[in-house]
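Take a look at these structures.
Both complexes shown next keep chain A, but they swap its partner, so chain B is in the first and chain C is in the second.
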Partner chain A sequence: MTELAADVVLQVEDLRTHFELGRRVAKSVDGVSFSVRRGETVAVVGESGSGKSVTSLSIMRLLAPPGRIIGGRILYRRRDGSMVDIAELPEKAMRAVRGREIAMIFQEPMTSLNPLFTVGDQISEMILLHEPVGRAAARARAKRMLELVEIPAAERRLDDYPHQMSGGMRQRVMIALALACTPSLLIADEPTTALDVTIQAQILDLLRRLQAQIGMSILFVTHNLGVVAEIAHEVVVMYAGRVVEQAPVTRLFERQKHPYTRGLLACIPDASRDRGAAGERLRLNPIPGNVPNVTALPAGCSFAARCPYVVDVCTKDPGPPLVAAEVAHLSRCWRHEAL
Partner chain B sequence: MAASAPTAGNSERVRLLGLLLKRRTVVVGLVVLGLIAALAILAPLIAPYAPNKLSVVNRLKPPGGTWLFGTDEFGRDVFSRTIYAGRLSLLVGGAVVVMAAVLGVTLGLCAGFFRRLDTPIARIIDAMMAFPDILLAIALVAALGPSLVTVIVALGIVYAPRLARIVRASTLVIRELPYVEAARALGVSTPRIMTRHVLRNLVSPILVQGTFIFAYAMLAEAGLSFLGLGVSPEVPTWGTMIAAGRQYIGQADWMTLFPGVAIVLSVLSLQMVGDGLRDVLDPRLRKDL
Partner chain C sequence: MARYILQRFLGMLAVMFVVVTIVFVIVRVAPGDPAAVMLGPDATAQDVATLRARLGLDQPLVVQYVYFLGQLLQGDLGQSIFLDRPVTTALAERAEPTFFLTLFSILIASLIALPIGIYAAYRRGSLFDQAATTAAMLAASIPSFWLGLIFIQFFAVRFGLFPVSGYGGPDAGFLVRLQHLALPALALGVVSSALILRFTRASMLDVLGDDYVRTARSKGMGEFRVVMRHAFKNALIPILTVIGLTAALLVSGAVITETVFGLPGVGNLVVSAVLRRDYPVIQGALLVIAALYVLINFAIDMLYLVVDPRVRY
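== the complex of A and B ==
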């Protein structure tokens, strides 16, 4: 376990997380690999059911049964420099990693805080849990955290209950809570999805600034490519439990080497593009069909049924491998050269 | 800084107490409950007669004059008996609630939280609830031998499934809420999640059910005593007084009325305090914030 490059914080190798449902097996994550470098933001993008959330839950080891990591490694560099494989870590050791080294924020800021305790209490609880400090010191730190996430009148807000705050404020509190022990990696599972657009921009901006300040890495899970363009350095596109394309963000937006990514980008409504010559409104461009059922994946490429570029070889086993289409640009498509 | 640490917890408690006492219903409830408890505790000093002093000449005298609450079929003073009976009735009610709460909450939380334990615990709860309450209590008392402690233990076991069922159902809901997952993601241990994040959110259904059990227990104790399985018959309880007065309800309704009122008042006042407590413990229900 010494093969991690010096600046890599997290390296997922051939991760397989399956859900055994009686005789059927849902291969929600099936051979996913990527790595996150220090101070970098990696976005994992995909539709519902692509396995992006299961990937992040696997890294946190928060899978509910029958979900189970059945293969692969999740190498993580701890703060003291030692390397651990999260997939094999005992639960007790994992608990010390959660929150202290890897923190997570969720999609639902409205319900991600316990309604019965003040936000100050909840942030303090987190600090007291992981660090040998007194109550008063924890409270002082909680106040600094609220200031850090730019909540005005932090001192007074410490004694507020979650229901007294707006969604955007609560997400800020969640971020303060997650960062209270200065983790090296923050996993953000669609943290802006439930917020309205202006607040989304504020939260993304905040995350970017905090990242620069604290130097943490972010694994950002989303289906929103607009958000990806805002925050990510590296993009991993997932489809039906696999990585289908991976590239640095600017390159990916310039040139897509997988038809799925191309389709995802075409789905974004664009006011200038969606008008015809006479200024009439054109239709939106959805990708037809749905993500295939991960308990019964088709032979060959799992995107073939929805792909506009499909040819005969696409439906034949085995499916396309993930190859370097260009330097630092991976694609899982037989026709990546034609794209 | 560290020196002020313990006061942070205390001041929170003082603040909650302040909020609690701002509610008129809570104050009224506490006063009534306190009064009943004081009467019961100080019974030997207050009671004008010994609870078992017979006076055959003065059988079934109506309330008023010498006998504040009248007399029963043996000429015993109903007022003296009522306040003496409060000692045991309140004790039985309170102890059964505590016993049922400890058992029921533990079982319910475990069943709701650990998937493996859910089926066995839920089936045991169902099986226990299939028995009529009093029958199960009789069986338990018969097995353990009649005494005050056995009655409390037996009734505690009988009423625990009611609480366990409610706690289990609510735990199943709360367990899936995002803040429980968020707590887990931040490294909080399972026992701590169970107590701080789940149990604290269950306070109101537990309190409501607890006040019901308090009343049921006092009546069930009467049933057991009536059958000779409770405490010895010469010690009065509100339940035994009502049971005995039933025969004379046409001629001497005061025999059942006053112990009945005592039960109603204590349950009602307890419920008022419980309601207030629930409101104060749930910040969303606090109107004065």
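== the complex of A and C ==
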């Protein structure tokens, strides 16, 4: 197995995850590569259907059939320093990684916790699964975890059921649960999407502080570029199962090298900007059209049909390769120099 | 929680009151004069009038009703006409076979239905799932008395493994009783398992796709634990309901099976009471069966409380 650079925790190489639906094949993730360094936050950005969630579920090996990793590697550096390819890891070995070393939080805090168990039990369960400690020790740790995510009256809250808590509280519990075994990598799949804006900011702030405290890496999956600006170091933009642009966050916000990213940024409403000469409200700037169906991708660049910069070559096979448009700035666009 | 229990309890009392009233009315408005029916065609008008007076049938309906309620509250269901003993005694004598038949049937049904239903849902669309669903449909469409007759033919007559009929005489030990109960319980259990199986499968399918099941997997536990601890417990409420209702149905539905297997249970008592127009016994049996129904439902409501912390009001 090839070596990973010393500070890389996760390296996804040419990952292909397909769903076989009868005779058609949905190429939900089709040749995705990126890596996550220790202590770094990488944001995977895209609309629904771009393959960002399937990518994270592939890394967790939690794909529901008929989803299947059919190619590529997911190299992961285990806590003991050994390196494994998650794509090939036997299920039993994967179970020791899942939850303990790579943990995940989900979009829906309202439904992601089991309604029939107290939050204390649900956090303790994670600890008891992976560590040789007793019930009392697990409960004590669960309490510390609740304190860590800043839930007041943690001792009392341990015996609460999820339905006795608000959405923001539940997402804090989910974070406490995910971090209970101090994972090396946290995968956060749209963790703030279902929350109010103020709660959203609190949760992002909390994640950032916990990251500094624990030193874990975060793979942050979102469609919200505003959130990306808050939390990410590196941004991977996905479209129709592929990476279309990748760059450090400041660079990406300064200069987009792919029309899709540019379109995504233009979608963010800006009250001061979106006014006409007389101060009247202008229309929002959506990207026209939809993400193409991944069972029947068009020839050439899959964004061509929605792209304002489209030229003849864009609709012809083979599509554009992912190239370095600038140093540390990748783009999958024939016209990246013109952007 | 106390409020929930009180509410269910009062609900139970209300239902029982309605049942008692309906039973009273049905028996009174049924065509024919009970006194005349009891005494047969040869009785004189004088005899009938005397009996009517003795049974209180000459009183206005309201008076009869109040009297009936009063007796009932004292646990008196009246006197059987043919058995020469109080209805309560007659019912109590017959309760044991029916109770055990119901208990074993529901145990057998659950033992068949739960594992198969859970696994069928877990492997949705697989050959196993299709076979299980088809078998359940088949089992549901088989009458239990027919299955009982087949069982008697095979296991009792041909192989002699079990007794053909009866309950083993008045002095038989528990083991002998068990032998007599095996075939009828199996017949009822197989037939009742169908409904429980389908409910288990449907309910499991519902919860297996839920977010917390994915969360459970993301913690790194084995599939058995995911399915049994996290999914099954959440699927349990509809399953408990259908098991309870099946048990209640069995109490009343065991009539035919008891007859086929010659078990001296409540069902058998009711059948002979109907054939002999033993009104007090019919009335008493109806009330007891209805009460069992209501009690089982109450027990299920209490079980919800144990299973689901959200059930509090």
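Criterion: the second predicted complex is superposed on the first by the 338 of 339 C-alpha atoms of A that agree within 3 Å, B and C clash if a C-alpha of one lies under 4 Å from a C-alpha of the other, contacts with A are read in each partner's own complex, and residues count from 1 in each chain.
In the analysis below, a contact is a pair of C-beta atoms (placed from the backbone, for glycine too) under 8 Å apart; a residue touches a chain by one contact, two chains touch by 3 or more.
This one's a predicted model, so the numbers in the text were calculated from it and none came from an experiment.
Colleague: Sharing chain A, do chain B and chain C clash or fit in the superposition?
Modeller: They clash: once the shared chain is superposed, the two partners overlap in space.
Colleague: Look at A:104 in the shared chain and tell me whether it touches chain B only, chain C only, both, or neither; answer first, second, both or neither.
Modeller: Both partners, chain B and chain C.
Colleague: Just chain B (first), just chain C (second), both, or neither: which does A:136 touch?
Modeller: First partner only.
Colleague: Which partner does A:112 contact after superposing on A: first (chain B), second (chain C), both, neither?
Modeller: both
Colleague: When the two structures are laid over each other on chain A, which of chain B and chain C touches more residues of chain A?
Modeller: Per-residue touch count on chain A favours B.
Colleague: Considering only touches as defined above, state whether A:161 meets chain B (first), chain C (second), both or neither.
Modeller: both
Colleague: Share the list of chain A residues that count as touching for chain B in one structure and for chain C in the other.
Modeller: 60, 62, 95-100, 103-104, 106, 108, 111-116, 118, 125-126, 129-130, 161, 163, 174, 177
Colleague: Which of the residues in chain A end up touching chain C in this complex?
Modeller: Chain A residues touching chain C: 60, 62, 94-100, 103-104, 106, 108, 111-116, 118, 125-126, 129-130, 161, 163, 174, 177.
Colleague: For the complex, give me every residue of chain C touching chain A.
Modeller: 210-212, 214-222, 230, 233-234, 307-310
Colleague: Which part of chain B faces chain A closely enough to touch in the complex?
Modeller: 1-2, 4-5, 8-9, 115, 177-179, 181-189, 196-197, 200-201, 281-284, 289
Colleague: Spell out the residues on chain A that touch chain B in their complex, using ranges where they run on.
Modeller: Those in contact with chain B are residues 60, 62, 65, 95-100, 103-108, 111-116, 118, 125-126, 129-130, 134-137, 139-140, 161, 163-164, 174, 177-178.
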